[in-house]
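Each remark here refers to the structure printed beneath this line.
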Amino acid sequence: MNMNENARIEAFSDGVFAIAITLLILELKVPPHESIHSVADLWKGLVLLWPSYFAFLLSFGIILVSWVNHHYLFNVLDKSSRPFLYANGFLLLTITFMPFPTALLAEYIGTDYVKPAIAFYCFGGVVNSLGWNLLLYTVFKPKLLLHSSISTDHIDKVWNSTKIGFIVYMTATAIAFWLPIVALTINLLLWIVWITLSITEKAE
Amino acid sequence: MNMNENARIEAFSDGVFAIAITLLILELKVPPHESIHSVADLWKGLVLLWPSYFAFLLSFGIILVSWVNHHYLFNVLDKSSRPFLYANGFLLLTITFMPFPTALLAEYIGTDYVKPAIAFYCFGGVVNSLGWNLLLYTVFKPKLLLHSSISTDHIDKVWNSTKIGFIVYMTATAIAFWLPIVALTINLLLWIVWITLSITEKAE
Amino acid sequence: MNMNENARIEAFSDGVFAIAITLLILELKVPPHESIHSVADLWKGLVLLWPSYFAFLLSFGIILVSWVNHHYLFNVLDKSSRPFLYANGFLLLTITFMPFPTALLAEYIGTDYVKPAIAFYCFGGVVNSLGWNLLLYTVFKPKLLLHSSISTDHIDKVWNSTKIGFIVYMTATAIAFWLPIVALTINLLLWIVWITLSITEKAE
Amino acid sequence: MNMNENARIEAFSDGVFAIAITLLILELKVPPHESIHSVADLWKGLVLLWPSYFAFLLSFGIILVSWVNHHYLFNVLDKSSRPFLYANGFLLLTITFMPFPTALLAEYIGTDYVKPAIAFYCFGGVVNSLGWNLLLYTVFKPKLLLHSSISTDHIDKVWNSTKIGFIVYMTATAIAFWLPIVALTINLLLWIVWITLSITEKAE
């Protein structure tokens, strides 16, 4: 068990993040030739794909932010444990799953049946938050995995924001049953806030 | 031939594991728009995907456990050989193959034709076990690849559990012809037992 | 923040580049069995796929050149920052997106509706150039990320060629509305010039 | 330009190899539910997929052998150059392309139209050999990239076998127009011979 240990977990995780983020594009389908009868038709077909562009961008942003956070977490660890390994596996499961709710959102966001799609999408966020909480739990137990130079305060702060994320996603899921667009906006704001905060954040 | 040697085999293997585990999601198909006429229809459509969710989770778990084991095996090696390289390639073949029996299981588990799907799925486990046995064989022959500080007893123990895995999968495949659900349950239990054992295991 | 920091960003980026470049092949569809009634039909079917071969080769070339440039940029950096991380994420977004305009080009290049396809493809180049400009901006601000032995002149030169790339792609996009084939030729020439220049370039 | 330089080219190449080898499985399609009316039908459906299993195994073997060779080549290099980088890019292009002739082979091997499919598949081997020859050329020119402890004789031997491979693939392509099965058998034998030779080879 040494630094190399964590290096390989990172490499495997990076692979999963990189593939999940790249597979999102497969949901974007070219307007089928049969339905296009003029240049204007093709332009219109490309514009009508907006739900797919939107879902692609949103999920890309979420996976990217997750990767950045994962990356900073591993920066402060120098040990590993089996529970940590499986908690990381569960987190990767929730990332791997992302292309499905993304495709669901893209298919139904412009229709009358948008509620289940958005509720399902937000629920994906709930499970992802759960994964983060589980992972942070295993950083402390059964043994402390932090680099000795890092204070546990630092991680407590990260963990608190993860708990807030969990509550926000739970709320968004509940709201989606009545006001789906509001729920989706919460989702969107959440990662804009996250990126803005982290860019303006002082040190690194 | 040095540590870097094994590092690159690990990197390639990690790539294959990461891609195989992420491709599983492509089998989950969004309920097609044409078949949905109300919000309730879409909820129902999402619930009816349970065979796909189940197959996704089961195969994700199996590939994850395989990766964890692969990872621990490489931790105790510091040499490589051509036979080892090709045995590892064969093991990766059985991992790469996983999305196919997974899709087969998802398609047929809720139908009257479930027997071939489950027998095929269990047989995938047989071939995977075979891959593991072959790989462990090449750890010892034609030359010992173990790090000098590691006793061969340690690997013998791993190998024994791999042999048990092989027998269990063979049995499950045979059972699948009569009692497919029992065979599938054995599969499911196998990896739950594996994760539980390894998490509760003392040292690291 | 250390060399390892950048190493992980590179590894993740490499993963995304590698996957995006490999997914391009999924757009190449085998001529369907139903439409083939003789050996000659199959030969003809393979020849008629030329738009797909062309789009595959063009996009493969573009992503490869992008990867080479990315690779050389990281060679001269030894620090990282959050803005750099997100600018890199945005660049990867434009790479990940490539399979979509590629498929669009393959579908419509041999038809009367080619203008939107080529304009869209060129516009992808605009956004990609924008990503490069943004990334190079964050190399200088908010803090300088260059290795201390590298003069900023070196990067200024790279940045200038990126700005030229941006202008060329903007022009090509505009031209595509009137003379689509000219626009596409500009695209094609751009990367042939790039590879030729960099191969004949003196030092490394 | 240092060891790290080559390390990143290897990492990117490994990514492409790993993805191309894993994407092969996407060509294996589960027998569609509509065409299955009994347990026997599903068994038959699984058996009738033999062309797909065969094509998958053959291409998996070819990509694996390519990766092993790539891996051993990089073991003896410690420098890089732009021409080498682009020659490696071209080789990766031929690897990335593999899923297409594989799908073509799977679709037509059991039909009357098998000649174009096998000729095309063998021609893929020609282009791949060309890529190898190009890559080995750039190992020597414009500057020698070999580790100083490695004699050029060693690489000459590798290069000779690559030249033989090129001739064999050219011959197989020509034969495919008259005796497709013979051409395919040559292909199959080529990599069985390769693996057998390299496993029985003395040193490492």
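For reference, chains read A, B, C and D in written order, and residue numbers begin at 1 within each chain.
The rule is short, and it goes like this: a residue touches a chain if its C-beta (ideal position, glycine included) is under 8 Å from a C-beta of that chain, and two chains touch if they have at least 3 such contacts.
What you see is a predicted model, and the numbers here were worked out from it, not measured in a lab.
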item	value
Taking each chain's C-alpha mean as its centre, the one farthest from subunit B	C
Subunit B against subunit A, contact positions shared by both copies (same if over half, else different)	different
Chain centre separation in whole Å, for subunit C relative to subunit B (CA means)	36
Euclidean distance of C-alpha centroids - subunit A vs subunit C, Å	25
Multi-chain contact sites of subunit C, meaning residues that touch two or more partners	11, 15, 18-19, 23, 26
Residues of subunit C touching subunit D in the complex	10-11, 14-15, 17-19, 21-26, 28, 30, 33, 36, 38-39, 41-43, 46, 56-57, 60, 64, 67-68, 71, 74-75, 195, 198-199, 201, 204
In the complex, subunit C residues that touch subunit A	1, 5, 8-9, 11-12, 15-16, 18-20, 23, 26, 80-83, 85-86, 89, 92-93, 96-97, 99-100, 103-104, 107-108, 111-113, 115-117, 120
